[in-house]
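What follows is chain A paired twice: with chain B in the first complex and chain C in the second.
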Partner chain A sequence: MITDQAKQSIADIFCHAARARLPAAPGDACEITAVPMWNRDRPAAPCAMVLTISSIGFRLLFVLHFSKDEATRAYYVGDDTTRSLPETLMELGNLCCGYMNQQLVNDFPDLGMSTPYELHSACVEYLDELRPDQVWTYELTIGGAVRLGVTLCLCAQAPLDFRAELATADEREGELELF
Partner chain B sequence: MLDDSPAHAEALKFFFDEHNLMALKVRDSRRLGTVLSTSICFDTTRRRRKEIGMAKILVVDDSSTVRDEVAGFLSKNGLDVATAIDGKDGLTKLKTDSNIRLIVSDVNMPNMDGLTMVEKIRGELANKTVNVIMLTTESSPAMKERGKAAGVKGWIVKPFKGDAVLETFRKLAG
Partner chain C sequence: MLEHYLLAACVGGIVAALAAGIFYRRKLKAGEQVQRLARERAEVLEAQLEAAHDLAEEASREHAEFEARLADLRAEAQQGAHERDALQTSLDAARAHGDEWLQHATRIAQEAARLKTLCITFERWHEQMISLMSQNRDMHKKNQELSSIVQHVLIVSLNASIEAARAGTAGRGFSIVAGEVRSLASRSQDLSKSYRESLHRNDLTTAATFQDIQAGGKMITASLGGVEALATQFQSRLEQVAA
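Let's look at the complex of A and B:
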């Protein structure tokens, strides 16, 4: 069982993380709208990167949907022909999940993350096979021009209850912690 | 008669890179071909500079975006850099390149993760003197403890901010 405050906390953590990490430049707008689950009549963008945050008590699947269209390419890659758009978005997705991970680790110190991988968005139709306890679906508009989608899929192996104390990104991120 | 004031003497230095030798020839600037003295010595400053220049940093990450960003930044700042795509590749590169003095590695990677790579370095290559810094989105205390136990020297939570770590990287690679 997942409590309402735990559901709300995960949704809040995601919105915080998306605003902090998905814009290519700090300060660019990131509008987030909760939408009904994607289906064949309303499909998500065709490409997807997937990453899992896991603890002993739950698994949270993060799916970032994107198109390889001109607007997305221009915003994230620009004129750099050496950079791959999927690779760039996989790393941004990784940073977004890393941010979520940093918020969640306060309540779940055993957390670990997978490496990101690319899938076709049609795979989200099969998320039901995981028998998720909660699914969230969002549409995002980044920098006023780029459309992304996000699906969060939570599978709990134990009762889940926590309340996130949202903090801005760790001020020490990017700094070297010497042992 | 020539007076031997310094104004008429000029020093010429010749370097023999492969042996870190320096020949110092002092000649009379007014008379071509008149050598006043010649000495040969080890150029320790040059040797040291050469050694630092050779020290290499290995960047291990499965994301080409991160490899390009980190390796590009370090190269631009005059450091010698190699890259590897996962822990397995990193281990191979370390075995074959004796100049690697510092490894900057991600944790979560396919084939072999970064912490397993460090454990293998300490186990299989125990005589290698190499510092390891983890550069990762992971921040759990348990994972840092595992890194510490394996001999990891430091931990950076992504995103990478090069200016904040450049000088420490230089020292650890030197």
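Let's look at the complex of A and C:
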């Protein structure tokens, strides 16, 4: 069983992580809107990168949906010819999950994070196969131009209850950035 | 003359008697003095004897106390020796335990370090996932190709039906065949779509499962790193205590 407090904490951690890590440049706007689950009438962007944070009692699947359209490419890649858009977004998704992992480790000392993998977004239609206990879906507008989607899927094998202390973590991070 | 002799004898006797009296008196006085001195000496001696007796008694008491104290000290020394022996035995046992713990701590540290290499196994599983996903991608491509062929067959069968209709009665048989081909193509298209969905489902479960294994492996490796560090600290503390 996942308590409301734990669900809210994970949602808050994600929002902080997304605002901190998903914009290409620090300070760029990142608007996050919770939306109903993707379906065939309202599909997520076609490409997806998936990454997993695992603990002893739960696993959290992070799926970042994106389109390989011109707006997204221009914002994230620009004139850089050395890296592709999926590579760039996989790196940012990895950083975003790393941020979440860093926050979660305060309450769950045994945590591990996978490497990212690219999938087709149609795969998230079958999330029920994983028997999730909680699924969150978000639409993100980055820098006022780029639209991304995020699906978070939490599968718990044990009762889950914690309260994230994000304010303290942010202050600590701010102190580190000064150096 | 005789009178003179008698007078002289009397005087002599008187003188002798006086001398004897004086002598006797002096002797008597001397005897009394001697007695007095003897008594005084005896008293002094008696006092000295009494003091000596007291000293002897005191010395005897002190001796007894000393003997008792000595006995106590001997008993304490014996007790101390027993305790020392017991402590020595305990110390030897503690040293033996310490050595045993040191060996255990060393083994735990070695085992933790050895088990950390499990990450190689997890990475192998991850590589197998990459291989499986690569095969899935290949099946996606083949299914896409099949879907294109089926779509083409569907159009061809539709054209055949149109041509058969144009042929009128002569094309009736051909129309039935074209209809059958269209039906088969339509079923193939449904099958291809279902197959694509199965592949997507398979992609998700494969990626999620192997990522869980990979992340779990990193979690285990990190935990083993913590155990190794603790065991190493414990080992060095035991070594410091032993030294």
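Keep in mind that, in the parts below, the second predicted complex is superposed on the first by the 166 of 179 C-alpha atoms of A that agree within 3 Å, B and C clash if a C-alpha of one lies under 4 Å from a C-alpha of the other, contacts with A are read in each partner's own complex, and residues count from 1 in each chain.
Assume a residue touches a chain if its C-beta (ideal position, glycine included) is under 8 Å from a C-beta of that chain, and two chains touch if they have at least 3 such contacts.
Since the structure is predicted, the reported quantities are computational estimates derived from the model, not experimental observations.
Trainee: Given the touch rule stated above, what does A:R59 touch, chain B (first), chain C (second), both, or neither?
Mentor: It touches chain C, and chain B stays clear.
Trainee: In the superposed arrangement, which partner chain does A:A164 touch: chain B (first), chain C (second), both, or neither?
Mentor: neither
Trainee: Just chain B (first), just chain C (second), both, or neither: which does A:M90 touch?
Mentor: In the superposed model, A:M90 contacts chain B only, not chain C.
Trainee: Tell me the contact category for A:D110 with respect to chain B and chain C: first, second, both or neither.
Mentor: both
Trainee: Tell me the contact category for A:I32 with respect to chain B and chain C: first, second, both or neither.
Mentor: So A:I32 meets neither chain B nor chain C here.
Trainee: In the overlaid three-chain picture, which partner chain does A:V50 touch, first (chain B) or second (chain C), both, or neither?
Mentor: So A:V50 only meets chain C here.
Trainee: Which partner chains sit in contact with A:Q102 here, chain B, chain C, both or neither? Use first/second/both/neither.
Mentor: In the superposition, A:Q102 contacts chain B only.
Trainee: For A:A122, select first, second, both or neither according to whether it touches chain B, chain C, the two together, or no partner.
Mentor: second
Trainee: Both chain B and chain C touch chain A; at which residues?
Mentor: Shared contact residues on chain A: 110-115.
Trainee: Hey, which residues of chain A end up touching chain B in the complex?
Mentor: Contacts found on chain A: 82-84, 87-88, 90-91, 94-95, 97-99, 101-102, 105, 109-116, 170, 172-179.
Trainee: State the interface residues of chain C toward chain A in the complex, per the touch definition above.
Mentor: For this pair, the touching residues of chain C are 126, 133, 197, 200-201, 203-205, 207-208, 211-212, 214-223.
Trainee: With touch defined as at the start, can you tell me which chain A residues reach chain C in the complex?
Mentor: Within the complex, chain A touches chain C at residues 50-56, 59, 61, 110-115, 117, 119-120, 122-127, 129-130.
Trainee: Over in the complex, which chain B residues touch chain A? Could you list them?
Mentor: 62-66, 68, 108-110, 133, 136-144, 147-148, 152-161, 164-165, 168
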